[in-house]
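One chain, chain A, links the two complexes that follow: it is found with chain B in the first and with chain C in the second.
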Partner chain A sequence: MGDQRGSISTWQLIAILISSIIGGAILTLPRTASAELQEVGWLGPIASGVIAFFPLMAMVYLSKQYPGLTFVEYGPLVFGGRRYPRLGNILNTPWMLMFLLFQFLNTAMVARGFGEIIVTSILLDTPLEAILLTLFLMVLYLCMHELEVLVRVNELLFPIMFVPIIIIPYVTINSANWENLLPLHIDSWQSLASTAFGTFMLYTGFELMMIYFGLAMPGSRISLVAWSGLSFTVVSYVLTTIAGIVVFGYEELQHLIWPTLEMVKTARRTGWILERLEAAFLTIWMASIFTTFGNMYYSMVYAIRLWLKKGIRFQRILALIFFIPMFYVSLWPQNIVEFFAFNEKLTAFCYLPTVFFPILLAVIQAIRSRFSQQAIENKKGGT
Partner chain B sequence: MAKGWVRLAVLCVCVFLLTGCWDRRELEERTSVLAIAVDMVEGHEGLYRLTVQIPIPLKIAGSSGQGGGNADAVKIMSVTGRTILDANNNLQIRLNQKLFLGHTRVLAVSEEVARKGIRDIMDTFRREPQIRRLLWPIVVKGEAATLLRFKPQLGQIPVVFLMDLIENGAKMGTIPDQTLGDYFSQTSNKAMQPFLNYVEASTTEVRWRGVAVFSDHKMVGTLNAVQSWSFLQLRNEERGGDVIIPLPGTNNGYVTFRPHFVKTRLDLKRRKNKGPHAAMFSCELEGDIVEVTAVMKMPPEEFIRQMQRLIKKEMDKRAKKLFHQLQKEYNSDVLKLGLALRAHHYRDYWQKHDWKKDFKNFPIDVDYTIKIRRLGMEMQ
Partner chain C sequence: MSQFWKAWQKRKKTLQEKALHHHADRSMERVADKELSLEVDENIIMIEQELGRCDDLVVRRFRDKRGTDCAIVFLDGMVDRNVISEYIISYLSNPQIPDILPASNELESTDGLRQVIRNILSGSAVLMRDGDNKAYLNNTRGWDRRGVDEPQTESVVRGPRDGFCETLCVNSALVRFRLKDPHLRVRHMVIGRRTQTDVYVMYIEGLAYPPMVREVLARLEKINVDSILESGYIEQLIQDRRWSPFPQLQNTERPDKVVANLLEGKVAILVDGTPAALIAPAVFTQFYQSPEDYYERFYIATLLRFIRAISITIALLLPSLYIAFSSFHPEMIPSRLVIAMAAGRSTVPFPSLVEALIMEVAIEILREASVRLPGPIGPTIGIVGALVVGEAAVTAGLVSPVMVIIVALTTIGSFASPSYSAAISIRMLRFLVMLLAGMFGLYGIMLFLIVLLIHLSSLKSFGVPYMSPFSPLNLKGMKDVFIRAPHHLLRTRPTMFHIQDEIRMREEENREQAGR
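Right, the complex of A and B next:
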């Protein structure tokens, strides 16, 4: 193992970060963001982006402190220091498990969401299981390979992500009613906070950087990755939300189960080759959901591999083993209402492994480095 | 070993991916519905009659070469049901292929149904993913099915004829391009009310009659063509149709003004920042004189000035009548005034008033500015 470490470039890191974050949630975003905030729904993704900013910065800090190490390796070091590796391991284990559990559940729900979209809007008679199975098999195939394949897949599919983000506002501008965005009012800060916390799931995927920052090429600009990745995502989310509100108005958005898809369906431009744009868009979203799903699944398996210090064969077998429970969990919610309810619960849970954990590590590390610096200074003073 | 895994995975992927679509259905295995009409069934409260128009591809392709007279290129079928889907299912059992609504372009609703309320009808169209938000719902005077049955001699398929009629009207700015999606958004929106196109059909003809005004899913009245044009100018900045006015002081003389460009501004000013809110539409029409049927003996400058005054007076009168109808008779804010009020006067007006009750007595005024630019190919 380890022969492919230190091979991810800055650009590839940006591609991984953005592809991991942007996934199926963008399809429901205009509705979830404007449910409470109404006309100013676009503030929602900005506010939840602010929440995501702190753990991301914590990860950057940690990766600078421990260059070339993933959280699997630096976690015990932070908790226990170099002197007590056993203690560090014990303290790190529950967090590790929590992280893996979250990845597991979130991956399953990303897949389920993707399946739901396909089943409700295009392939009405196809069993959900069949759609999930094809997606799972694709990702399983991805997991059979070393890291470079994942990185290359992300890099390859990344440019596609730009297409909807640029085109959605463009195609919808025809049917836009700008007065839907006004008035600019926040009736209660509470609703802003609850929207921010409720839509935070939009940004999950950034926590994978705890692994990939550690595998970056020496000298790659990690903070640039964090900044540009996060701002790109925030901008694309805000644009999508604004487009949704402008086209439908926030009241109508609450009626639509996949508002972004519906938005593309209303788009009408003379001279487009495709009469029905939504098919083209779904293909693009399929790619973006595939990268989200693939990255999460791969990272989960890869993290366990790193944790137990095993090789690629272990990773392959593990990917196969996880396949079955993952498939089972993705079919847990019995209907679309349960699916959304499950996602809400998952959102509440996600704060522990994705926000609290990296910040906790960073704080401990900051304290630790301060003390050790003091110790060095004390020694200097002594001699 | 690694290669073995890869092969196995590739095999699995191929097995599952290369079987084709689950619900594959060839184009000719579908019965495409071009238009749907919804009527009440006489004597049966709560029953709907659904009429659909299905194109017959063979006849459409064949008739052009052979010139086979006026053979029907479409099939019209009628069924009844308690709900739209019930009727739809009753229709399905009479057809050999699966019904496909993805190409439906027109949804005709009879005035009777519209006046009763179309919330329950629209539910199906909201849920069905095949339905396009771009289809045109239309209110038909009398029986909605006549709109599907009429035989336009200028075209083979009645719905295509109707679509062209609306599309061209929308391009010229005389007919509103009001789609199903617009209707949905407008009914959801608390600050405005929806409207739909209103047409009349006979056995050989179809005619645009103006717009049907709705209030909470229920049709409450109609605006005739002339008023609809004023309405379009104020709401959508569409140009509307020609304005034909009798010339004063002449015997049967008329002048026709054709607007080309419309600019509308809505001011919601309070008088001296204190008084009650009031709406003021400022509408600027730029256009040409295209017809004068009497000899006017006056200098051209004077002619232009007089015509502008005349047209302004007429347009103001039309708009006032429109406001009166919308406010006093229909009590329906199709002008989107509420939206503007909510957007710009949220704290000082919207939160303190119940717009649905207030709209009726809200002061609305209009000020047209007419700018005649050209006189056609004639000097005066």
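Right, the complex of A and C next:
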């Protein structure tokens, strides 16, 4: 069985990129963004989007330099060049491991966050373990299939991504108090920077493109994917944050665990078919969290499969093996406070594999290609 | 461990050899392929030996106009007796006619015993003569058959009323008569070691994707079973994923549907002895598309498609939504309704999951019973079951009135799907969702839907993804999925079946038409 290279279209790449980024974090977003920036909290997602822009462009550059290769393959080539493949492998391995470790921890935390939301808001009597277990079983079922299935599932679930753009502004517009957004003034640039760095976790998921850009169909427009995916995400984040600030005001936001969910709760009208929407909203949003979680878990397993050049059977067994430690790690934080603290630590760690790594690769590649061009020019001059 | 591995390998090999051996064991091949002799009597003895004691084997001896001893051998009931007596026996013994061969429309000669046996079994009359080591096979097939009738399962309001019957040649003629395309290809195959069932594979050369046709033929050739009694045998033996609850080949009794699908570059499989033809490949849209959609104007066709899609959703999800809402999320139901529901449920002694399961099982029993019952009694059971039992159950306080509405809607919804075999998979999955909704509420329903989506995305029917054209997204194909675009916009055939000749309608000529 082949690994189905060159089978993902531009549209599918956009779907994967956006579904991997947007997930459970949107439920806490208005609070985290406005914690320091207060009424201009909506600038936070924009600023962290700017941070995510650089590594994403680095990935686009690398994928254009090495079309049809994933970072698993081009990493050693960048580090070692074609002449020293072994050196490249040795230099690439720690980065590879760091990337996998981050995926592992992040996946576990996405699952945990999702379980917490379900347990605290709609299924109050269900144990957290039951939610996590069913979620993991669902992803295991996904991992039993080839890559094209993952791609199609993302494509089919993509319309759900429009929920924050369309539904949330619609349901909140009646309880909006627009004065909460004023004054339009940034108190300290420092707090903007710290919010940008602190909420950067919102954008994790884009690093998976280091794999999927390499599997794209020849001729697909990768930079279009990066641009549209990132701008779509920024817009939906900004809209959600604005909606949160407008409805609650930044002071009240700090006391809500899941502000976005509370926002949906405020929308209640008699005469609608459903009187309260939060369970329906969360159920639909669950699909988006599933794509984030599923993409991360699948990509982690798939990267290892590519790394060791194995087949689908290896992937299935590996997915089964990872299931146990993942379940364990996702239950590490004892309560929701510890969970948020753990996430903060993870945010600090995430810069290494998701931002620094692709930029480093791109810089080395840029230098390398300049030198090789010079060498070619020198040769030309010589002859 | 390695020993175990070796033993396993060995076992696998023996199984493979066994399968190969099995393959050679076709019952027709057990008939010795002897050559016929010059003596009529000897030949008749050979035939009687092969067929054993068959009291319906008729041997008619007569002497033709030249005085040669002749014999006609056929199976009683499978032949048209008039043809035999008029065009074979009296034709050959009439001294005024110089012909020495019978005047039948299809005449072959052979000298092999195996072919003689095969033809006798399929309804030919075999003529043998003294001093001639050839047997003449006359096509005299003519058993009593059901005529061309309106299909029972797929009736339409507007559209042709004829449906396939049990005879293969009539069925292929019904297709031919609608499709006078010289590129229509019909491949004949015989499947089933013992039943020797005739199968036609039809496709249009230049439209159907050649590798797909080859794949269909290869899979049909690989079938090695003793009997094919219905096309369902073939469907289950050649489908891509054998464990999937979804039908991966379409089946239909309507010739117009077969023709429409052939024109989309698909392959049709007609099987002798059944009115159900198979169409490969199948995609998910078959659940709510009907041939009638193309006969009516496009507004109503589109509306009907939406209605069918909604009714399938209802058939799949309504009982589980009831369970989820009433036991996990009562706050979502509008307050007046929730009070009414609570009042209705106040006497019900069971949790809503049990209540729903009882009613759904009861309605399935009613449905199954009314299918088995003879025609006139069937509706009675429906009325007694649905009205009397339902009403009585509510009065007795066993189920709530809302539940009765839900069960009725679910059952009717599952009948709105134009494809019966697609609808039964939905009917079946409904119980699974109900259990999940009983465990996790809305979360359980979503869990089920995502797993279903993963499964559907992984399905392929003869290389065509089951969820196309939704995924992989094919915007051209979307014109004929939920909406049925007007015919002048459907200029090209859907490309997802790797169609070879895309153009369905030529633009210029139609413009001229419109201009007139």
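The rule is simple: the second predicted complex is superposed on the first by the 374 of 383 C-alpha atoms of A that agree within 3 Å, B and C clash if a C-alpha of one lies under 4 Å from a C-alpha of the other, contacts with A are read in each partner's own complex, and residues count from 1 in each chain.
Quick note on the criterion: a residue touches a chain if its C-beta (ideal position, glycine included) is under 8 Å from a C-beta of that chain, and two chains touch if they have at least 3 such contacts.
These figures come from a predicted structure and were not determined experimentally.
Colleague: Touching A:Met286, do we find chain B (first), chain C (second), both, or neither?
Modeller: second
Colleague: With both complexes overlaid on chain A, does A:Arg5 touch chain B (first), chain C (second), both or neither?
Modeller: neither
Colleague: Output check: A:Thr126 vs chain B and chain C. Expected answer is one of first, second, both, neither. What do you get?
Modeller: In the superposed model, A:Thr126 contacts both chain B and chain C.
Colleague: Once chain A of both complexes is superposed, is A:Glu155 in touch with chain B (first), chain C (second), both, or neither?
Modeller: A:Glu155: touches chain C, not chain B.
Colleague: In the overlaid three-chain picture, which partner chain does A:Leu182 touch, first (chain B) or second (chain C), both, or neither?
Modeller: Once the two structures are laid over each other on A, A:Leu182 reaches chain B alone.
Colleague: Quick one: is A:Met138 in contact with chain B, with chain C, with both, or with neither? Answer first, second, both or neither.
Modeller: both
Colleague: Mind working out whether A:Lys310 is in touch with chain B, chain C, both or neither, as first, second, both or neither?
Modeller: Neither chain B nor chain C is touched by A:Lys310.
Colleague: With the two complexes superposed on chain A, say which partner A:Arg368 touches: chain B (first), chain C (second), both, or neither.
Modeller: Neither chain B nor chain C is touched by A:Arg368.
Colleague: So in the superposed three-chain picture, is A:Glu262 touching just chain B, just chain C, both, or none of them (first/second/both/neither)?
Modeller: Only chain B; A:Glu262 stays clear of chain C.
Colleague: What part of chain A is shared between its chain B contacts and its chain C contacts?
Modeller: The answer is residues 122-123, 126, 130, 134, 138, 141 of chain A.
Colleague: Could you please specify the touching residues of chain B with respect to chain A in the complex?
Modeller: 1-2, 5-6, 9-10, 12-13, 16-17, 21-23, 126, 129, 132-134, 179, 181-182, 184-185, 188-190, 336, 339-340, 342-344, 346-347, 350
Colleague: Can you list the residues on chain A that touch chain B in the complex?
Modeller: Spelled out, the residues of chain A in touch with chain B are 120-127, 130, 133-134, 137-138, 140-141, 144, 175, 177, 179-183, 185, 247-249, 251-252, 254-255, 262, 265-266, 268, 312-313, 316.
Colleague: Can you name the residues of chain A that touch chain C in the complex?
Modeller: 9, 11-12, 118, 122-123, 126, 130-131, 134, 138, 141-142, 145-146, 148-149, 152-153, 155-157, 270-277, 279-280, 282-284, 286-287, 290
Colleague: Inside the complex, what are the residues of chain C that reach chain A?
Modeller: Chain C residues touching chain A: 328-329, 331-335, 440-443, 445-447, 449-451, 453-454, 457-458, 465, 467, 470-473.
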